[in-house]
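Should a chain be cited, it is by its letter among A, B, C and D, assigned in written order, with residues numbered from 1 in that chain.
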Amino acid sequence: MVMHMSRTRVAVAGASGYAGGEVLRLLLDHPEVEVGALTGASNAGQSLGALQPHLLPLADRVLEETTTEVLSGHDVVFLALPHGQSGAVAAELGDDVVVIDCGADFRLTDPALWEKFYGSAHAGSWPYGLPELPGQRALLTGATRVAVPGCYPTVSSLALAPAVAAGIVDVEDLVITAASGTSGAGKAAKPHLLGSEVMGSASAYGVGGTHRHTPEIIQNLSGLLPDGQGVKVSFTPVLVPMPRGILASASAPTTSSADDVRAVYDQAYAAERFVHLLPEGQWPQTKSVIGSNAVHVQVTVDEDAGRMVAVAVVDNLAKGTGGAAVQCMNLALGLDEGTGLTTVGLAP
Amino acid sequence: MVMHMSRTRVAVAGASGYAGGEVLRLLLDHPEVEVGALTGASNAGQSLGALQPHLLPLADRVLEETTTEVLSGHDVVFLALPHGQSGAVAAELGDDVVVIDCGADFRLTDPALWEKFYGSAHAGSWPYGLPELPGQRALLTGATRVAVPGCYPTVSSLALAPAVAAGIVDVEDLVITAASGTSGAGKAAKPHLLGSEVMGSASAYGVGGTHRHTPEIIQNLSGLLPDGQGVKVSFTPVLVPMPRGILASASAPTTSSADDVRAVYDQAYAAERFVHLLPEGQWPQTKSVIGSNAVHVQVTVDEDAGRMVAVAVVDNLAKGTGGAAVQCMNLALGLDEGTGLTTVGLAP
Amino acid sequence: MVMHMSRTRVAVAGASGYAGGEVLRLLLDHPEVEVGALTGASNAGQSLGALQPHLLPLADRVLEETTTEVLSGHDVVFLALPHGQSGAVAAELGDDVVVIDCGADFRLTDPALWEKFYGSAHAGSWPYGLPELPGQRALLTGATRVAVPGCYPTVSSLALAPAVAAGIVDVEDLVITAASGTSGAGKAAKPHLLGSEVMGSASAYGVGGTHRHTPEIIQNLSGLLPDGQGVKVSFTPVLVPMPRGILASASAPTTSSADDVRAVYDQAYAAERFVHLLPEGQWPQTKSVIGSNAVHVQVTVDEDAGRMVAVAVVDNLAKGTGGAAVQCMNLALGLDEGTGLTTVGLAP
Amino acid sequence: MVMHMSRTRVAVAGASGYAGGEVLRLLLDHPEVEVGALTGASNAGQSLGALQPHLLPLADRVLEETTTEVLSGHDVVFLALPHGQSGAVAAELGDDVVVIDCGADFRLTDPALWEKFYGSAHAGSWPYGLPELPGQRALLTGATRVAVPGCYPTVSSLALAPAVAAGIVDVEDLVITAASGTSGAGKAAKPHLLGSEVMGSASAYGVGGTHRHTPEIIQNLSGLLPDGQGVKVSFTPVLVPMPRGILASASAPTTSSADDVRAVYDQAYAAERFVHLLPEGQWPQTKSVIGSNAVHVQVTVDEDAGRMVAVAVVDNLAKGTGGAAVQCMNLALGLDEGTGLTTVGLAP
């Protein structure tokens, strides 16, 4: 165990939303950090107890305005702001501050794609916070700026990365359908996200390549190929009636056997503490990973269809957002990567 | 209103399960039928009020044993029995009785496929009760035996049939992921179907071509092709936390434009009262069709991925089972096909 | 059956909300009416298909502004407007038009209570649309103005009315806790009603006599006592994770035996087609009445505690709002009270 | 941090059920224990990964038979067995072993009540594991046998104990209605607990004083009164569609003011780390305490009704079972009472 003279002091900008709340939930169980300033926008001045009553130890904390003055003086600042707002805030924070952005602003490397999918000026790109992608962990170790991946890209990329990297599937015919809980859509009140609407209903949205996470998935998987090559992905998100969790069903043409595919995945994730290839025949369920940083994966080959099928699950708020953020903070600070994180899910 | 000398007398074998209950729910609103004998297995002797308390008008009915004697003397007999039991019961019923089997026994035409997927001797095949498939309605009109389709095959086939029939997709690369409510798994108590397990969780099962509905989907879609040709389907079912409803996300390689694909679907379903192509940009949600016989469909083309994507929803118990059964009964009896059925869903 | 030269022409003001949608769902299955104008507020100009996609036969209808001009020329006008808006609209409609208000505006007879709980000027009181309360049906038959009860008052009043009317309980110690689905809170987007918030959670609100439905429950039950006497009610509403349905658990001190109490309820509801006293030992579940106009009731006596306990369930949108509205329209028009309504619930 | 020569070695009998799984989930985050033997009944021989896939670090553990031999050699044994089985197992374990029974066997002190409600011979009574009840903590400190309370009794007792102990309510008219998630009913597959049945439905059961937890609630609250006095409780449990959590709404006649009542609760729980009286006006929701050992309480007085109303929430599996078990183990072992437990809930 590393000795610390004092704990790392952490601020969270956007503490009233789901991403900010999840970062705080995890930080409260993190032995090396101390929670500093918490900020909000329209709800600045309110107590966290009113906004996030599950975070009991912080109930008396009052949200401050998201200003440079409030955020300065911390070792780490988590940004959990609406898309498009992180750039301006981050620009005011010194290079000595570790900034972990839970938003999308710094994920895409291609400005044209950012502008196409987000409709605003590109802020730039930061080291991408998915250490389980080949080569990525090294970029995150000691980093002072990290872009936390989107929840769909996390689970989709981990479902397909070993197969794409190993060259055992036709990368120009990747098909992903992902069933997601509702918290991925955030805490802003919109009619179609009301409990009355979502309970008892599954609904497709962002179909046909229009979801903002599509280019991020493509970027991640294309990054595993030689320069100049790229993947093609058909991505369909489906909203299902649960608060947390994503199950991604991904497939691609293959001529490999199920055993060979399994061996590829086994090797790819053998050293990853958070990605777990389930025993043969056991298929993932989101409940097993709720609240945890774990990813459960299973893979098979449908020989009649000629396609490999991989299924992966994450908690969209934990490993899909807040857990990844804490994992990246650990890497950035040189702590053990899993500090404060768990692979134990909350079930039933 | 037409005057009738007497109503059609209908029996339901397996009245305590979900399929039998749904048939009864719909028959209670059907103007031309009278509910006769209701039978059960282990729960024979119990009142329907104890087993299906939502069917209030039948609460005092007592389940009888499923015997030929009990079922005889009806114009129509619905079989809602565990797979493999319909053959023996049906063999004892006269040719003048309309028999509608909600089970799988008579769906598959290939005995080898039946044996592979169901593990017992093949009972034979009956006219397949999906009138919206090209050519199928004629076979059902006046039929005395009907095999009601499986729920996944209904929604999957309707999602892809127009494209397959029109030859605008690569039929050897059909990919379907379907999110289903739990009632499709029936009322038999199994640990993984407990509310505590399914609420808050999405889980994949029957992946890689192993689900029993896979050969049925392939049979339906291959039937749209010239003799000797067949489709290839990668089918992945996902259990999601809702009691009813299936959303199928289906895709296939295409070089057609979104407009052309849309025109194909528009034409295919223009005359179908129960299949509704949603206006452009509106994607299906299962809630819109709960309790109804309607199927909502939407389609687009992802040009970057080179795939057409179709999404369709049904209520697995209504149009997916009991509604289809009543629709087929109407056709068999020469009644208007929609008698006693609705396109109005129960939402929210 | 009454012969009609033409169907009754019906308008719905507030057709985009849950109450308006439910009225329309039921009217689409009503043999004597024709759906006329549909109006909205901020969503005037939009198609009903976009707002209420489950009402497929009306998908192409476009919402109009809620004006006297639009609403005139109908035989019946349903008002499904935010509380406080019905008075002004109704005042412009002629006495020959049947006006059924699904809002709270005309329910309370005491202006002081209205002002205390709703904070605005009292619009007056209309015949109260709960025909199952003693004496109430006669007031509704042929009425041209009807105030549809609140959902909690419907189920709470029906749970306790027989005991209160029969004088077998201490009316000054009535305790009601009611678990409600979320649709009772309406379709306006509020953060605490998001699916992410309500799924997996039960929450109390409006505790301690502060919920607006409390005085309405008291008014209904006090109306069963001799003049000058009144009941005391402790009412606690609890939001639970389901879109529809209310279960009310009500109790009161009694010295009667369970058999005597049962006899009182049996007699009170024997002639009521929509209120069903379950067989001894069977307790109500909301699922049995979803989509229906039925109320299931059960009652017992806890001799150790010295209290009678009655449990009742309704679908808050059906018998609790839209179904009651249609039932009252039937009475107002002289139709059979149950026309277009069912006692068959949608389960599972 | 205290240095330990060796960790406390813990066995869990009944590791495949919900209570056993929750104990394990919490022990995996407990710094002072090491998980030893895990036992099952019909599933002995299976891996925990197949039965409890959320407990990833224990996935390779294999369940053993529940025998004295297997359980011996541990410092602590948790019993999470079906009611009636703990007595025989515990009798074989030495007095030096701490035995924590999550079942009901040793909760009731009155053999007649045990026999009436559980229908078998009384095993005896052990120190009752609700340290927040006045006087109870001392009995648990250093104990070698502990009876973990039932989930309903925990939340119900904590909702009412301060008022009963302070003599500010009429203890002969306590009324409790509690809405519970389904995991309280256990993992044994029963038809009425299927997801298809419970999703979208609230149902009452065990009404009228017949639920087994009723005498336990009465025992707890009567224990706060002078000898020879007892409370009367009307208790109604309601099953609602969520996997975890109980919300108890409790009321009793009072003449105290809301401020006075609040002061009583404030004082009663000021020193309790796990019981939190919410700020005025904020009412409990179960989601805030899911996965945690926290109890959120709120209280008010309905002056019109003449009753105090208290609402409390717990996670039935955490503070309601497994969390209490760990808390009691901590007390038994002389560890800090909160070791390995959290007051942070998992939301949304």
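Here is the rule we use: a residue touches a chain if its C-beta (ideal position, glycine included) is under 8 Å from a C-beta of that chain, and two chains touch if they have at least 3 such contacts.
If you want to know which protein each chain is, UniProt gives these names: A, B, C, D = N-acetyl-gamma-glutamyl-phosphate reductase.
Quick caveat: nothing in here was measured; it's all calculated off a predicted structure.
**Q** Which neighbours do chain A and chain D have in common?
**A** B, C
**Q** Sort the other chains by how far their Cα centres are from that of chain B and give me the top one.
**A** D
**Q** I'd like the Å distance between the centres of chain A and chain B, where a centre is the mean of that chain's Cα atoms.
**A** 38
**Q** Report, in whole Å, the distance between the mean C-alpha point of chain B and the mean C-alpha point of chain D.
**A** Computed from C-alpha means, the inter-chain centre distance equals 44 Å.
**Q** Give the residues of chain C that touch two or more other chains, as numbers and ranges in rising order.
**A** In chain C, 18, 183, 187, 194, 196-197, 199-200, 241-244, 285, 287, 290, 347-348 touch at least two other chains.
**Q** Could you draw the chains as nodes, link the ones that touch, and say if you get a line, ring, star, complete or other?
**A** complete
**Q** Can you check the complex and tell me which residues of chain A touch chain D?
**A** 18, 21, 25, 28-29, 47, 49-50, 52-57, 59, 183, 187, 199-200, 243-244, 276, 278-279, 282, 285, 287-292, 294, 296, 317, 342-348
**Q** So in the complex, which bits of chain D are touching chain B?
**A** Its residues touching chain B are 18, 181-183, 185, 187-191, 193-200, 241-243.
**Q** In the complex formed with chain A, which residues of chain B make contact?
**A** 172-173, 175, 177, 179, 181, 194, 196-197, 199-205, 207-209, 232-236, 238, 240-247, 249, 251, 253, 258, 283-287, 290, 298, 300-307, 309, 311, 313, 347-348
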